[in-house]
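The structures come next, written out as structure tokens.
Both complexes below contain subunit A, partnered by subunit B and then by subunit C.
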Partner chain A sequence: MASNAAVPFWRAAGMTYITYSNLCANLVRQCLKEPYRSEALTREKVHFSASKWVDGKPEKPTIRSDTGEE
Partner chain B sequence: MAMAALRREGRRFAAPLISNNPINPFRSSFAPAEEQALLGVRSISTQIVRNRMRSVKNIQKITKAMKMVAASKLRAIQTRAENSRGLWQPFTALLGDTPSVDVKKNVIVTITSDKGLCGGINSTSVKISRGLRKLNSGPDQESKYVILGEKAKAQLVRDSKKHIELIITELQKNPLNYTQVSVLADDILKNVEYDALRIVFNKFQSVVSFLPTTATVLSPEVVEREAESGGKLGELDSYEIEGGETKSEVLQNLTEFQFSCVMFNAVLENACSEQGARMSAMDSSSRNAGDMLDRLTLAYNRTRQASITTELIEIISGASALQG
Partner chain C sequence: MTPRPPTPSTIPSKLTVNLVLPYDSLLSAKEVDMVIVPATTGQMGVLPGHVATIAELKPGVLTVHEGNEVKKYFLSSGFAFIHANSVADIMAVEATPLDQIDSSLVQKGLTEFTQKLNAASTDVEKAEAQIGVDVHSALNAALTG
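Moving on to the complex of A and B:
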């Protein structure tokens, strides 16, 4: 159905709109000067632990701690 | 014989220390204390009451401190939550919030806290999630849970193990920010197939009132289907939209962003409600501790006076026995 329209490059690469906007926001934050830059980068820290459940059994939890930590 | 009695005393005082009901265990345990006083083992019973008073006073201090900590955290997060309401309001104006939509795959996202001592808000969220699931369980409908927070995990694992899709914890290690919630939303979108996402959280009305709310986010296909049947979504075509070639692509971007914004607001509001509920829970618990302390003080004075009176009686009767 949408094969005629050109899918944007980020959608073709497998990203969702959310990931795309987060990357753009990260780029904008890195354009700031100190001290605002370090303040803004602390607003980007991600940490949570997600565990997928299959058939009533939990799998090993994966801890996502990235974007600003690594 | 005295040692056995003392041990019995100790155990009877230990049990009420654990239970939450101060009144009845008290009345029953002070009768033996007075018996003990008459038997002559006085200092031990006042000692026990004094210990109890000390521990209750410590608990009162701790709960007062927890209340103040929760109040300061609430102040910090409240302005952010109120500001984040402006993120999803345009989406509701555009795409509507229709909880009564009839879809095949429902995913219920339950947002709760990781820490306890916050009153009953987590139980109400879990109750509503369970109710939503029952409401949406038709012949070919299925509902799955995505759980945020330890408290809902503990409750839902008990009876809905097979319907859980994803569990996320340790969310509040860093202060809440949009990036974290959007990464979370991205994870959910990638791992879970859904027609409608129902987010259950506690909306923060004021420091004492938290309203359990459900926000519904539809998948782009369902939005297209509903748009054809008219209503608010049917007016989508009258908008001129930039940035996308086809309507379905625009809708996909919009629904993803809507989910992320609604999640951000929901997580912030739930955090506010958690702090507010913890404030009121700790406040009522310090008040209860104060009441308990008053009752203990009265009992302590009574016991002390009874022991003094007993000593006086012994002395006087001893003296009169010598004289007579």
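Moving on to the complex of A and C:
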């Protein structure tokens, strides 16, 4: 059984599946016709709100906004 | 939550398809005759009674056959889970009907990424350019095929 056999080229280059998948989705969105394209590009804007917990209480949340990767 | 339907003793006549995206569900428990999914191992036809399979998908066209109707969607990537009870769950990040794709943008992207691939030096750059070429070639094939 293949265990560590042929990994996909993107994993060999150090990319994770989620990065690969988001990149593919991004490329497809950019090839759409208007108005679908502008709608789709708004979907790409993702932000994360994370808060650290100290002594059982959450601290003020920080907003992280990345475009594309991760 | 409704429990999964049990595996019937005889092969059902229809395949139940769910096509879901992170933001929308395009097909929900739709009964069809056959779907063809773009698996990394090639185009895979799924009929009712198909063996339970998990397939990773590559950018490509999903074809749904229902009677005489054939609907095509371009999937950016994802997974297809085929269950023993003839339910197929297809998960993709982006799926568009083919008529929403702009062919001039596809051609532009293809030439741009082919150039990037030739100019790429680091592994990461090469991988990204290769992904660009793969996606745009698949889009191109979907539009012309």
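Some observations on this one:
Here is the rule we go by: the second predicted complex is superposed on the first by the 47 of 70 C-alpha atoms of A that agree within 3 Å, B and C clash if a C-alpha of one lies under 4 Å from a C-alpha of the other, contacts with A are read in each partner's own complex, and residues count from 1 in each chain.
The rule we apply is simple: a contact is a pair of C-beta atoms (placed from the backbone, for glycine too) under 8 Å apart; a residue touches a chain by one contact, two chains touch by 3 or more.
Quick caveat, the model's predicted, so the values are computed rather than measured.
Of the two partner chains, subunit C is the only one that A:Val28 touches; subunit B does not reach it.
Counting the residues of subunit A that each partner touches, subunit B and subunit C differ, and the larger count belongs to B. Once the two complexes are overlaid on the shared chain, A:Glu44 sits against subunit B while remaining clear of subunit C. After overlaying the two complexes on the shared chain, residue contacts for A:Trp10 are found with subunit C alone; subunit B is out of touch. Once chain A of one complex is fitted onto chain A of the other, the partner contacts of A:Lys60 are absent, as it touches neither subunit B nor subunit C. Of the two partner chains, subunit B is the only one that A:Lys52 touches; subunit C does not reach it. By the document's definition of touching, of the two partners only subunit C reaches A:Tyr36; subunit B does not.
Looking at subunit A, you'll find residues 8, 21-22, 25, 43 touch subunit B in one structure and subunit C in the other.
Within the complex formed with subunit A, the subunit C residues making contact are 23, 40, 59, 74, 76-78, 93-94, 96, 100-102, 105-106, 109, 123-124, 126-128, 130-132, 135-136, 139.
Residue ranges of subunit B in contact with subunit A, taken from their complex: 161-162, 164-171, 173-174, 177-180, 182-187, 189-191, 245-246, 248-249, 252-253, 256-257, 259-260.
Interface residues of subunit A, counted against subunit B in their complex, comprise 1-2, 5-8, 11, 16-19, 21-22, 25, 43-53, 55-56, 58, 61, 63-64, 66-68. Of all the residues in subunit A, the ones that touch subunit C in their complex are 8-10, 12-15, 20-25, 27-33, 36-37, 40, 43.
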